[in-house]
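These are the structures, in structure tokens.
Across the two complexes that follow, subunit A remains constant while its partner is subunit B and subsequently subunit C.
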Partner chain A sequence: MHMSGQFRPSRRAMLKVGLAGAAGLAAPAILSTSPRAESGPIKIGMPVALTGPLGSVGQQTKRGAEFWAKLQNAKGGILGRPIELVIEDTAGNPANCVRKAQEMVERRDCRLITGITLSSEALAVVPKLTEWDSIFISGINGDGRLTADSFVPNFFRANISGPMGTRAVSLYLRKSNMTKFYGLGLDYAWGHNSIGVFEDEVKNGKKEFVGKIFAPTGTKDYSPYITKIRQSGADAVFLVMQGDDNNAFLSQAQQYRLPEKVKLLTEIVDLASIRAVGDASLGLIGSSRYSFTYDHPLNNEFVAAWKKEYNTYPDTFEGEQWQAMKVLEAGITKAGGIEAAKLRPALEDIEVESVKGKVFIRKCDHQGVQQGFMVEVKKKAGFETPVPEVIATFPGDQTTPDCNKMAYKD
Partner chain B sequence: MKPLTTGIAGIALLAVLVLAPLGLPPFAMTLLTEAVILGLFAMSLDLMFGYTRLVSFGHAAAYGLGAYACGWLLLNTGMPMLFAVFAGALLTGIVGLGVGWMCTLATGVSFSMLTLAFAQLLYAISFKWTSVTGGSDGLAGIPRTVGPFGFAALSSKAGFYYFALACLVGGFLACRALVRSPFGAVLRGIRENEAKTTALGYNTRLYKIAVVAVAYGLGGLAGGLYAPFAGFANTELLFWLLSGQVLIMVIVGGAGTLVGPILGAAFFMLMEHQLSAWTEAWALYFGLIFIAFVLFAPEGIWGLATGLATGRFRPASERH
Partner chain C sequence: MSTLALLLTQTVNALSQSALLFFLGVGLTLIFGLMRIVNFAHGALYMLGAFVGYSIAAWSGSFWLALAGAPLLVGLFGAGFELTILRRLYRRDAHAFLMVTFGLALVVGEAVRLTWGSDALQVAGPPALSGVVFMLDEPFPVYRLFLVAIGVVVAVAIWQFLERARLGLLIRATSQNADMANALGVDVKMIRSCVFGIGCGLAALGGVLAAPLVTASNGMAATVIIDAFVIVIIGGMGSFLGSLIGALLIGFVQVFGNYYAPDFALAFMYLVMLAVLVMRPGGLLGKEA
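Right after this comes the complex of A and B.
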């Protein structure tokens, strides 16, 4: 700071400084460009949140895609071209995600994107897809808007969306003898959105919605919330929680013996949180995006292969991402290439049989129509921790909303 | 250093930046544009931190506010981008007056804490005021509206880069004029010895409020550029993490030099981008680099570069 005034650098020295600065702005690696995408390896860009609060979810999508690529490359790739995954960490920050995705497209010549972790990241990326001439196939992004208000033609969703999960829960409840419901959600967009959809569904089903409450993320003490739920007189409480909050709530609910009085329902039953809280998750009922316990020949085959590779069962988002890769694989094979102009029509109205049964990518909003699952967390012989068991399934035409919609008519 | 040589170095750097779109591949252009925007942001903090020793832990407030304001205008009013960006900057500058008034009630660490508190307040608002800010998902799909006055060229990749570069150069010239003016002399007086400056008859608080407002306005300009550049604005832009990062950019680049923080911002962004491509533990390596700078090059990249150029580089241990 006090340097200015002391130094009298030569003109040549100052030019060096200027040039060094300019060189620093454009590191050599960034200057290189790669050959066009029509031949050579099929490059798939994955800007994933490998670190940060949702790092464990990102690690799952990474493994799901890597396992698929490994098996596929062992079979000679697709169309005789090897598959190359370009995976980088976004730390869950949309600004990083957009920058990484842009680099993957513009410098490393990826024309396919998948594995984005957070909905906020996906929502930031989709407006750019046309400019990038790239296809983004979602493996786990749940936000309803991606196939509604924010829908763009180069976006496809192979997974079950948030509204579809909530819908499966409400369809299940219509048949049950529970009549009064309460809602507990995390206090941000996803929580409010899902609790809102659930409230409407309960009222549509001619049942009673007795109240709702929202907890800030990072809440450690859930006892006041548990007291409120108890006092509401509800038969069941619908939870829209994830990560540490979900684990804290479930553990404390068990300590207060809440499940003996009030049934616990949840939007997503996730294997990771069952492992975290153990027996405190017993009796939890909810929709499931994927579970290794689904009884389907292709799933049994997948689970066996996964176990052989990793010596454990595939997790929720590993199975979801795997299904997305199978849809992508079928699309590329049908299109005979990966260029957006060819792949987009090939993916529209494509039907793929995978680990969850049939997935049909409808043309109107590129949502994967697939059956919805309700599971209950139970003890099962041969497993150390409780496992989700399927207690009901609903056909895709009942769980998928109308084209470009997030809500349901009936 | 001699004004002539600095001038020549500056013109050479500017020439490289102006000619960059001719030779760079598309992605490098994107990175360079983001570096230019972040450079403007870091330079705005340098006015407070480097020249007045007002350590702000909440400068993300300026960036985020500018981005949200500009993004909201572009999404909801159809205002052309050129005006929306400056409207965002103006609004942020006005808010900066209030922030300056409030935070300068305190000094030292208390000042820093108040700036942090204000930024966290905005962060909380951005989370809760869903109808305007989009809540935790932020504003997405922000367009580069051209408008009726024929600014179509600005919405292209190279055009937007030149727009951002013009803002950076304009901001730099304005800041340089400011710090060289009598006003700037008072700021340096506050930095070195506020009590003495007060004793000389200056109302230092008014000067501090003014510099906070200017820094916010320029930070808001950078944020306003970011919204149409990235096409979105979200709560991360108001988070304390970004406030910390911009402080690092200023320190690594060289505080109190205006040019240094611009280089620091480019360095920070490129390092973060490249390191996270190589390893998941990138934050660790970045931390080590930061520590190395503080220990061995406390005057930052700019100090290091000018020092090396004249062979007068000395590590911290050899200083008094």
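Right after this comes the complex of A and C.
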């Protein structure tokens, strides 16, 4: 076989293409000037992970933002300016995400960024925001550091953070009779962050934390992890998983009869996973960033409109991204423009009533203070697949950590 | 759980994972052995198999029909692709195949997204295999035992086919020397279409079988293609037995690595590959370096 001989020309050809591409990207963006941003369409850059293991999550942020833009444009946009979403796929890669965001800012005149899918991508983008003179409003990024150690003034988080989701679970657990807990998280920023917060919360609650393990994204066989969880003797395992990994774990856990011995708790319950694994999701208890079953007039209205448009119910990150867009909309209207210098103060201390009730963007770390939800996945008449039903809510002042913190005192 | 029970369940489980990896690796290696094509679309065809399987199961209510139908349809699609597109490129440089199969991966990926949507879909395994058996008091899914069994059956079938069947003989002849086989009156073009189709069908078989474990999702292509290449590189490009050994090695390294040293599990696979390449640059059973 002449492997190396055959590959040499192709590698050289690839390199040529690569160099040409790199030269194109590196060329200075002489044509882009900022003054245009004051009139014309409001461009919102969305570097989204549309493909890769978290592609289904990215597709949700995209749909949530698109639905908002469609309805808003039908009402004449904001400040009389139409809204234009500039959407690109990052495949979930932080370096890609920074590159795409930079192109959006420098070449396509975006001064607003949202829809970034992974926390690792968001963490890679935030250090650039001052240089780009752009505001990034997170619709779904969970990592606690974004409003703590890695906080920058041009970053805002409208969504429930990972620590806040974990906090809701731990407040709920304090009242339960379970005493021993194990943690399984995805092996990247968000997984480590949330499992760490959960571990502290369990210990603060005078209960026992018996171990933790992290799985790389894209893991196909969860049986070694399932075996470890079973061996730990825990009453419950706390999951910080999403996308394909979450589906694989839940399917296989049911096949191994894990839920009969260990209760499954999760930081996020989302509909896409419930649909993908069916009855393997029954009994799952967790916090929910958003649930279409939450009974609130604005939510009922949103769910009805969504159902009419897409013939299905809005999922977790669709609702979360929608709320972020409503916060952004309120901010732009109050500021009378999208320039960072005007929009930043407008968003600080703004309060918006949306699908999850009140969201208050506090000034100190730009975190959206909002209530936390606990849901349980149940069978419900009239629905083909199980649905998450709200079983408890906690006020925002109990679930939101102190300013620039991601741990809780009690 | 006793150590013995742990070793037993994890060993059987590693065999079940090896079976899934084998379906991918053997198709890739058959195609390379015969056509010297590195098929970048292999992961995408594995995913296509899972989605076609989902539709057949949803339409007929039978997992077994999906198990038979999806590999057949994807195999026919693969043979058609060879017939209409790859066939025009044999006189060109090898990088033309890289580009075209990579392009096929992108097209199939996007077509799947447009047809089935971006959400993962549930493919329930057959009800008859949904239970558990107890191995030294530890529950073990029957479906995984079935994967081991089907892996053995398919491996033996392919081996016997290559060794005994007339078409198998022609495939081996063509892969050793295509010009000579052609001169002796073998229809090399037909052989190539067949092998490409069989390779794609095997990938689809892996996809259908994996779907009850991981659901049918858009992300499944990206996560398996690397494993498939690692297996083929370890075993030796073009070697049937090599792909079997590669699949077993990687299956065991992944399962036991994830259990005993989860932080380094990803690295183990590549360390094994590196070790093999250092000792035998052509792979364990590669014919030449």
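Everything that follows uses one rule, which is that the second predicted complex is superposed on the first by the 360 of 410 C-alpha atoms of A that agree within 3 Å, B and C clash if a C-alpha of one lies under 4 Å from a C-alpha of the other, contacts with A are read in each partner's own complex, and residues count from 1 in each chain.
Here, a contact is a pair of C-beta atoms (placed from the backbone, for glycine too) under 8 Å apart; a residue touches a chain by one contact, two chains touch by 3 or more.
As the structure is a prediction and not an experimental result, all values here were calculated from the model.
When the two structures are aligned on the shared chain, A:228 is found in touch with subunit C, with no touch to subunit B. By the touch criterion stated above, A:275 is placed in contact with subunit C alone, subunit B being left untouched.
Applying the stated contact rule after C-alpha superposition, one finds that A:342 touches neither subunit B nor subunit C.
In the superposed model, B is the one of subunit B and subunit C that contacts more residues of subunit A. Contact with both subunit B and subunit C is seen for A:51 once the two complexes are overlaid on the shared chain. Contact with neither subunit B nor subunit C is seen for A:358 once the two complexes are overlaid on the shared chain. In the superposition on chain A, A:99 makes contact with subunit B only, not with subunit C.
Legend: residue contacts after superposition of the two complexes on their common chain; A:189 is shown touching subunit B, with no touch to subunit C.
Judged by the document's definition of touching, subunit A residues 1, 3, 6-7, 9-10, 13-14, 50-51 lie at the interface with subunit B and also at the interface with subunit C.
Those residues of subunit A that touch subunit C in the complex are listed here as 1, 3, 6-7, 9-10, 13-14, 50-56, 59, 213-216, 218-221, 223-225, 227-228, 230-231, 243-244, 247-248, 251-252, 255-257, 272-273, 275-278.
Against subunit B, the residues of subunit A that register as touching in their complex are 1, 3-11, 13-22, 24-27, 29-31, 33, 50-51, 88-91, 93-96, 98-100, 102-103, 105-107, 119-120, 123-124, 126-128, 143, 150, 188-190, 192.
Put simply, subunit C touches subunit A in their complex at residues 1, 6, 9-10, 13, 17, 20, 36, 93-95, 98, 109, 118-122, 124, 130, 132, 139-141, 143-144, 210, 212-215, 217-220, 222-224, 237-238, 254-256, 258-259, 262-263, 265-266, 282, 286-288. Of all residues in subunit B, those touching subunit A in their complex are 1-2, 4-6, 8-10, 12-13, 16-17, 20, 24-28, 30-32, 34-35, 50, 127, 130, 134-138, 140-141, 230-232, 234, 236-237, 254-257, 263, 266-267, 270, 273-274, 276-277, 280, 282-283, 299, 303, 305-307, 309-310, 312.
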